[in-house]
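Okay, so here's the structure we're looking at.
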């Protein structure tokens, strides 16, 4: 390169080039100091990956203290969006992020277990972790007959309303009302119906309600979507969209409900204790999850929760399970309710005064837990949810052919199609 | 090229075009643009109108000056400077997307956040170390291969060079799916070190790139001088130190730096083997760029990230030009 | 450029030259062919998260090639690639010719041309998106709410800015290699500027332009960062690379992603060969 031109200019150019190269390399190299390969050496530090991590600092600290130096729990925040959370967690587990405890959404348990990303629960511990827990929460953490994660919190969705709005709308809230009556009532009084939670949860509950079968697996749900149950669900959604009573499933649902003009909110029962609803807490009323149609008899509320698992890649599974035991024990469950409003999985606690005070209407919650529609604990649950989320949005575009389209999309994904 | 004297007509047409462009821009500025941007666009329109006036004045000048070329150079300046100004406006903003091209906030914005962001710094560190490691590993073997390709009549030399270029231009995501899957299965040091995983998987682009730039660099080595030195009895070391290092050494070094820069910009390969705990800068920036409130931070990081290229372009522009020119021979 | 290239001084390779080249050759083949081989293997096995790893034959290919979303994405990729390369080439040609005439300005121009390439791809894409989504272009031209097509156009413009400078430099190098004696002779013969361009300059630069077009086509074909930044779930206004990345590293559907990756690579090769063939025809005429 330096061969053309005069000798002197060539020499200068070369010196300059070498210097420049050295500067660039040097400056790049100096940035390289502090490359982050986190200290995975200390076995007594347990990294706990969980959404809304800030709320669990007290529980983590209490269990760390109780372990008498066996471990110290450090919190790692998970993304708030469920789909993002799933991707983030799987990517972390595949690429060897040193997590020791993970809070797994019940919808992802089947998939993670099938991918062998979770450490097996020691045989003697499985009984203890499931002992005294609500039945659906144990089922949600059980894959192929064995417990793969510790039930931690698990809750139904309910219908919340403010003050006297239900009476004004002419709705009798002692029994479950139908979605269509709810839409019409809210529309009549100029109110709104906010929907917290995902589209997939909503549609799954509507289909389960129409089929009057709470415990549908992935394949059964796909077939149901393609039949009368899917048509009934689409009819509810279309009436909802036509009534102009809210945007449908939205992360801002709780905030909008607590704002001026808010009247109805369909969402997880733990919202009652959320900061978003604190301003209207005094006027909150709880009713069962709405019915899909007037022929439905039982309210089928979407159930979901989080279980605690130990990744297969954990450095010290034994200590991690020790921590899981502590984090799901009665004292930690009490702190959980007080801090977040999430429903504990210990049956005894569900009837305690702390919970009764929180959930306002324990009977509603108890029957919702008994009759509700859980997420299938299958490896393919996320594919079905993805198919529903993409085909049932936006709400205004939902038509008579939407259920069939979503079933077709789900089948395509289940057959290994591109997402 | 040899200067030529354009015709009067060509210059007048160019002047007319400059005037129309300037007039159009001025109208755009007056009727649709508000704030400091209006002044900016009016200034550009003014330059174009002045160019037009100058074009009319020099229309019959015997000097070899092309009005078209001047307009082209102005267009080039606008095309490169406007986005740079926009990047600065983004980086100095308060986080939200600024609505005007001219920087409004000057608050230090993203640059201040950059200094406090440990995750970003460690991601940059991982990117740089992995790219340097990958290109460093590739350097010596690629040099031997490039010498073989450039210097000899070795029969498959064209096929091998084409293979290297094709590999460097393949969709990296395809290499990432296969390579990432393999690298994640490796145990031992690779299990614990994101640096080793990223460097290993990035070899898939570092080796072809390095081979490519080295063939470009070696193509212009004074091989006749080397041969002459050999004939008069100079040893291999002497030829290396006295002839090759001073002549192609800088080009090799700059070429290696460019290969490292391109490798460090890789997104697909790094994504395939890293998780959120420790990842490279492009992966982290993609994540941050999805969050609208990080606009300033991402732009600031991009400006800093361009510093090595800017330094190279400032100090050794001719070497870079030669390498780029040699890349497609 | 110099006489060195004119006279081919190559000699048959000696044993030691081969020995020095061999490690590089093996390394090159290994780092490219091993991942590609693994990609092929993944594409014919049940290789997703929790998959059995068993042989599934061409099922993944059937799923990919039979899906309308894949072909919509490929169409989007083709449109993005074609428009990016065409606009970029015309722009770079015009700017490089202008700068070729103004040799005094080449030094600062070259610096301005090279710097944007150093800005990361994500950052260029983000700047482009921000410009049309609430930024200065949106304000100037009253673009309002940016839809998926607009933001995709925005990130393509960002990529255009990032890489056009490089193309200007490449074209400028090609122009500066046009033999001066030829140009002088044409001038002495009284050739008009157009004649000089089409008869002397154009034939001299076409081989270089063909190579540049192939580089840019392949590089645009694999555009990943920008489309990943602006994609929306369920929308297929994205590129093939982004779709593969989403399936492999977002959905962990490794099998279909690998099959799509293989198809993407094959299409890239077809694209390159087609371009070279067209260039050959153009040159022959």
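Chains here go by letter, A, B and C, matching the order in which they are written, and residues are numbered from 1 within each.
By definition in this document, a contact is a pair of C-beta atoms (placed from the backbone, for glycine too) under 8 Å apart; a residue touches a chain by one contact, two chains touch by 3 or more.
By chain, UniProt protein names: A = Extracellular solute-binding protein; B, C = ABC transmembrane type-1 domain-containing protein.
Values in this document were obtained by computation on a predicted structure and should not be read as measured data.
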{"item": "Selected interface, A-B versus A-C, where C-beta contact pairs are more numerous", "value": "A-B"}
{"item": "Centroid-based (C-alpha) most distant chain relative to chain B", "value": "A"}
{"item": "Centroid spacing, where centroids are CA-atom means, of chain B and chain C in whole angstrom", "value": "14"}
{"item": "Whole-Å gap between the CA centroids of chain A and chain C", "value": "41"}
{"item": "Separation of chain A from chain B, taking each centre as the mean of its C-alpha atoms, in whole Å", "value": "43"}
{"item": "Residue numbers of chain A (touch at least two other chains)", "value": "3, 91, 94"}
{"item": "Residue numbers of chain B (touch at least two other chains)", "value": "220, 222, 307-308, 312"}
{"item": "Junction residues of chain C, two or more chains touched", "value": "1-2, 4, 249, 257"}
{"item": "In the complex with chain C, residue positions of chain B that touch it", "value": "1-2, 4, 6-7, 10, 28, 32-34, 37, 66, 68-73, 75-77, 79-81, 83-84, 86-87, 89-90, 97-101, 138, 140-149, 151-154, 160, 163-164, 166-167, 169-182, 201, 203-204, 206-208, 211, 219-220, 222-224, 227, 261, 265, 267-268, 271-272, 281-282, 285-286, 289-290, 295, 298-299, 301-303, 305-310, 312-314, 317, 320-321, 324-325, 327-329"}
{"item": "Residues of chain C that touch chain B when the two form their complex", "value": "1-2, 4-5, 9-14, 17-18, 20-28, 31-32, 34-42, 47, 91, 94-95, 97-103, 105, 107, 109-127, 130-131, 133-136, 138-142, 158, 161, 164-166, 168-170, 172-178, 180, 183-184, 187, 193, 208, 211-212, 215, 218-219, 221-222, 224-225, 228-229, 240-241, 244-245, 248-249, 254, 257-258, 261-262, 264-265, 268-269, 272"}
{"item": "In the complex with chain A, residue positions of chain C that touch it", "value": "1-2, 4, 48-50, 56, 59-60, 63-64, 67, 69-70, 233-234, 243, 246-247, 249-253, 255-257, 260"}
{"item": "Chain B-facing residues of chain A, complex", "value": "1-3, 10-11, 13-14, 16-21, 23-25, 27-29, 31-38, 40, 88, 91-98"}
{"item": "Interfacial residue positions of chain B with respect to chain A in the complex", "value": "119, 121-126, 128-129, 131-132, 184, 191-195, 197, 217, 220-222, 225, 246-251, 253-254, 256-257, 260, 273-278, 307-308, 311-312, 315-316, 318-319, 322-323"}
